[in-house]
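Supplied in structure tokens, the structure appears directly below.
Residue numbering begins at 1 within each chain, and the chains themselves are lettered A, B, C, D and E in the order written.
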């Protein structure tokens, strides 16, 4: 009982099964399950903060033969993000899906998605990661097509096929690793892997697969249709969490397992792609005519920022400066998670009220839905990277790493990306705060508006003023190989 | 040229040839049929590589059920969206180049690892611990004991997929009453399949077989029933169906958690009990897998799927 | 001696398969093709199975193999029937 | 060991053939077939690694992994087919 | 008193932040509660700032620290310079709030307006109290965010356009400031504001420091409206009068100027900056801005636009004073920070009153307005005379010290002509207005007379704020030598800066 690592996986899974068995009470089971998952994650986090990384050898078999779950600073941060975001989105969804006849299926799949995320963040075994990736992908696909429109189905189908291809690439990498090193346990691999053809090819295959899943330019093309056509709560978790899961895995692989294999050139290539993603994604977001499409392209850009860190991390010597940069990366990911989910929820509220999400016709939103307009503004602040949001601190450290490493090339990318983000955010706010009749009047603050604004506040205030927790947690590593 | 390698080379060549034919046939039906043949050939390869468990599973799942699903998908497809937006020649060239380079790289790495100093993989450890695992079939030991957590999550994957099928689609139209010959066959075949499934399940502890093979066989029985005009394909409706779907994951999870609560780790069976516990889990898993596969074949939810809600609603109204 | 017999049986089984395959490819219409295929395959499989059973030399294995043959017979009979029935119906309409 | 190499290389070829077809094909069903071939390639690599000659006991771990992979693959196939079917229905409506 | 020294800076921030946030959630019709919240916050802040002034004068240390990230500390620190700016903004906030309550009566979205208004002041006060460059950047960006909705408040296409232009400039400026700040931060490991600067002893590459200086000054110069970065300011005058008043007198423009002062005195150190040779360039830019702003103002018929260009010109006096090495010029620049604020806010209040009461937006419509609105016009006159630099109004003091400083530093050759030319230009664009207002008779009907038939020219809430600030402008000019006067305080700062 004193090792709590299984609970963040077991609790949502058990709730999912219960929700499947008692469909009429699924909403309550879903909310309760999300809340209890949150409690489980808090339990794990407390233990990690108090006593460092923890490991659970499942079935009592030594890791290697058996599977180990591991929690360290990075995974705890990701867990906290996913559970907090999903809790808030669950509250929103309880209103959004209250009349839907697919309500019970939504909750089951929702809880399965949380299970998959938690399992992924805790897994310490490469093949197990493949299974969690597949679970994540399949449940995300099904959730994405709950809207039922033709576009959403088509987008979900493309997402599924690409996701499968990506998983296959990951899996063949796993096969090569097993061939070369004879184990799947990540801690053992972190110590064993050394530079060589096996590690090289395996890393590039696995990274390739994960790049598809994390939608790095030019592999981003599936993301905007899938994220913008899904029901709002689903879009929120897809953009905020599911994409992050792939980025998390890339970080794990690059920093912990393959840290001796990664070369500056490889990191530079990914950084360049990230840079293009920042510019391209922001530019298209600026042209977007629909709110949700804009948010989706903004996700493409934000993912690009995360990859900008890779060449910097590769250039920094192991130690405090690198941990600071890594912490900034994680903080940026977390802030984006909270902000983007808030953004999508707000977009969902607007869509339900106005019946559309065409940006040019959003006049009057601020008057009809002041709280939602405020949410959009706050989330926008976090997307641009203005204070007091967490992304401001992250960008500060990003710039700082640029100066330390002397990789000046990223400076214009960051600058232009920030200005473009400002442009698309304030373009939206300009329409939303303009007078008009685009959105019908609301009688009071709806229950569904509150989770969104809380998420946005978390992104701007919580992660701004209490961000140092991130930097305290990040150096706690379960893998000997590196600082991640 | 070593003559003993000839059969292997032949098999490998046939696999590649068949795959090429599958992937390059313009006629979909032909592609699917060839794919089934490909699966069967693969089953032979598994047998050749001393993987009988896989041979069984491939024949049942890879060739059999995948084939059935693909064929029935052909039946309801008009093939309407045959958009042939051809890639440009340059793109095709680039893709071919990429494929060639990657194949060479992967092949090179495999060459290196196979001829390198033999790595001590998990084989010895897995076989050495077999006594403590409660079963004597090493594959079952890995699946349901050493790496039981993988299997648990895999059952969840099945559950998620079948829920997706239920959400997206409605049940396909049933088949009409078959002729006497087929009818006779069904009467023979279904009981035989069920018995075989039970046998595979039981034998899995010490010989090739296990929950997946058994589940697939059972599902095959369901498919045969549906082809014979029994539209429900042997599945219950409403709440019972939900229980059936949940059973595999649920039993697995609860037993695992039970271990945790009673003081061990998650899924850490007491050694004396592990054999029976594994069997219990396998029985439940077989039922769930079979139900899921049959549902996938049926193509979606029936009117009975939401019946649970209706009943509850009626109760609410009457009270 | 027994081995030789077994090999002979196996080879003749294989040649029946071969013939069946040629028939499938060369014969003019569906019914004739089906005829060739099922006849040759059933017989071929039977010969093959007897051969293998002889090689193996255990009664239990022989029984199992026999069971397989019976099942294959059943399946091929039924499927040949279904296919020809379908073809007939399609020709009529 | 050469046998293992033969099959492992075959696996690599199958995998990349599958990838190629997934990238080139436009419609779902061929892509799904391609992905399944892809998977078969990966599985073949796993299993060939487990094979250590006819005399030594095989490594059961890759076998179990492949079994898991097979079930995951058919689940994904089933889901994709269901989605595709619904899309076609909508196109017909 | 330990706790006091930590909590006082935070308290000063919270005294406007909390009312601001509360006001956001008030329904539109709760007019009375909102007014109370506003005034209560302003008065509490005034009280706290009083305590701060007393403490800082007696060399007490007020400091709050909060680690936000490794190496990045959020620091609120009160030194003499911050006190100068804090007291200015607190006092003028109170006056402007009263004015705004009167000005915006019966208009929509008042909760939103006063919410952002309070946030705007919070950001300004935060800027003043920022103890290091990082904190300064945080509040600098927050100020942008809080002022944008105020400029866009009316929601009309021109308002949105003005706000958009404002945003373009300030986001760009903020970005450059941030890049410069991060760069400097990376080199030094932390940029605290210390009187006399920290870079002289840091032994860093001088050309790098010059580049960073350029980045910082361009970033700050956008808000300070240095030519050629001033383009947003005339556009932003579409905002409601109280916003323009605050923007020009305290919040945005002053934030930029204050930032330049901080960078030169407390980061680079004025002598080190002169050694780097960057001050000459800055002085030249300031001089150009002064002349250019005045020339542009001359040709504007739109009253608020004329005032806006006048701001462009006047704020650069502060920069000019900073760019000249020597205590007297420093005093001139710093004291102008206060003086310009008090005088300019008077002018904008008056301009708002003309528009509100009679619909007058253009200089050409102002014939004879002095007789119709004597109180407002009196205030306007005092402000305008101060701007020209006529004793005993406050503006004279600033120009006097600037001139003395230039002579002291040996820069008289180019500074004095600039001062004289600009004063002449000031006179050229202000005196005709005064002449029209007082001595011409009404030539055409007022564009939109709302006060016809009223006994008093305007409600109290609109009339008294300009009169108050005009009186202040007179008093701080007359009593410049009194203790705690802006001039005394500027001398204190200059003394501490040049102590080394």
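The criterion applied here is as follows: contacts are C-beta pairs under 8 Å (C-beta built on N, C-alpha and C of every residue); 3 or more make two chains touch, one makes a residue touch a chain.
Quick caveat, the model's predicted, so the values are computed rather than measured.
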| item | value |
| --- | --- |
| Chain-contact steps, minimal, separating subunit E from subunit B | 2 |
| Any chain in contact with subunit A as well as subunit C | B |
| Chain pair, most C-beta pairs within the contact cut-off | B-D |
| Chain nearest the global centroid, as defined over all protein CA atoms shown | A |
| Averaged-CA centre spacing for the pair subunit E and subunit D, given as whole angstrom | 69 |
| Chain centre separation (subunit A, subunit E; CA means) in Å | 43 |
| Mean-CA-position distance for subunit D and subunit B (Å) | 12 |
| Between subunit C and subunit B, distance of the C-alpha-averaged centres to the nearest whole Å | 28 |
| Residue numbers of subunit D (touch at least two other chains) | 15, 18-19, 32, 45, 49, 65, 68, 72, 75-76, 79, 83-84, 86-87, 91 |
| Subunit E residues counted as touching two or more neighbouring chains | none |
| Touching pairs - complete list by chain label | A-B, A-D, A-E, B-C, B-D |
| Complex interface listing, subunit B residues touching subunit A | 102, 105-106, 108-110, 112-114, 119-122, 125-126, 129, 145-150, 153-154, 156-157, 159-161, 163-164, 166-168, 239, 242-243, 245-246, 249-250, 253, 256-257, 260-261, 263-269, 306, 308-309, 312-313 |
| Residues of subunit B touching subunit C in the complex | 178-179, 181-182, 184-185, 188-189, 192 |
| Complex contacts: residues of subunit B adjacent to subunit D | 2, 5, 8-9, 12, 15-16, 19-20, 22-24, 28, 31-32, 35, 38-39, 42, 45-46, 49-51, 53-54, 57-58, 61-62, 65-66, 69-70, 73-74, 76-78, 80-85, 87, 92, 95-96, 99-100, 102-103, 106-107, 110-111, 113-115, 118, 121-123, 126-127, 138-139, 141-143, 146-147, 150-151, 154, 157-158, 160-162, 164-165, 168-169, 210, 212, 289, 292-293, 296, 299-300 |
| Footprint of subunit A on subunit E - complex, ascending | 24, 66-72, 74, 109, 112, 134, 137-139, 141-142, 144-145, 148-149, 152, 155, 160, 163-164, 167, 171-172, 174-175, 178-179, 182-183, 185-187 |
| Touching residues (chain side subunit A, partner subunit B) in the complex | 1, 3, 6, 10, 13-14, 17, 20-21, 23-24, 56-61, 64-67, 101-102, 104-105, 108-109, 112, 115-116, 119, 125, 127-128, 131-132, 134-135, 138-139, 141-142, 145-146, 153, 172, 176, 178-183, 197-198, 201-202, 205 |
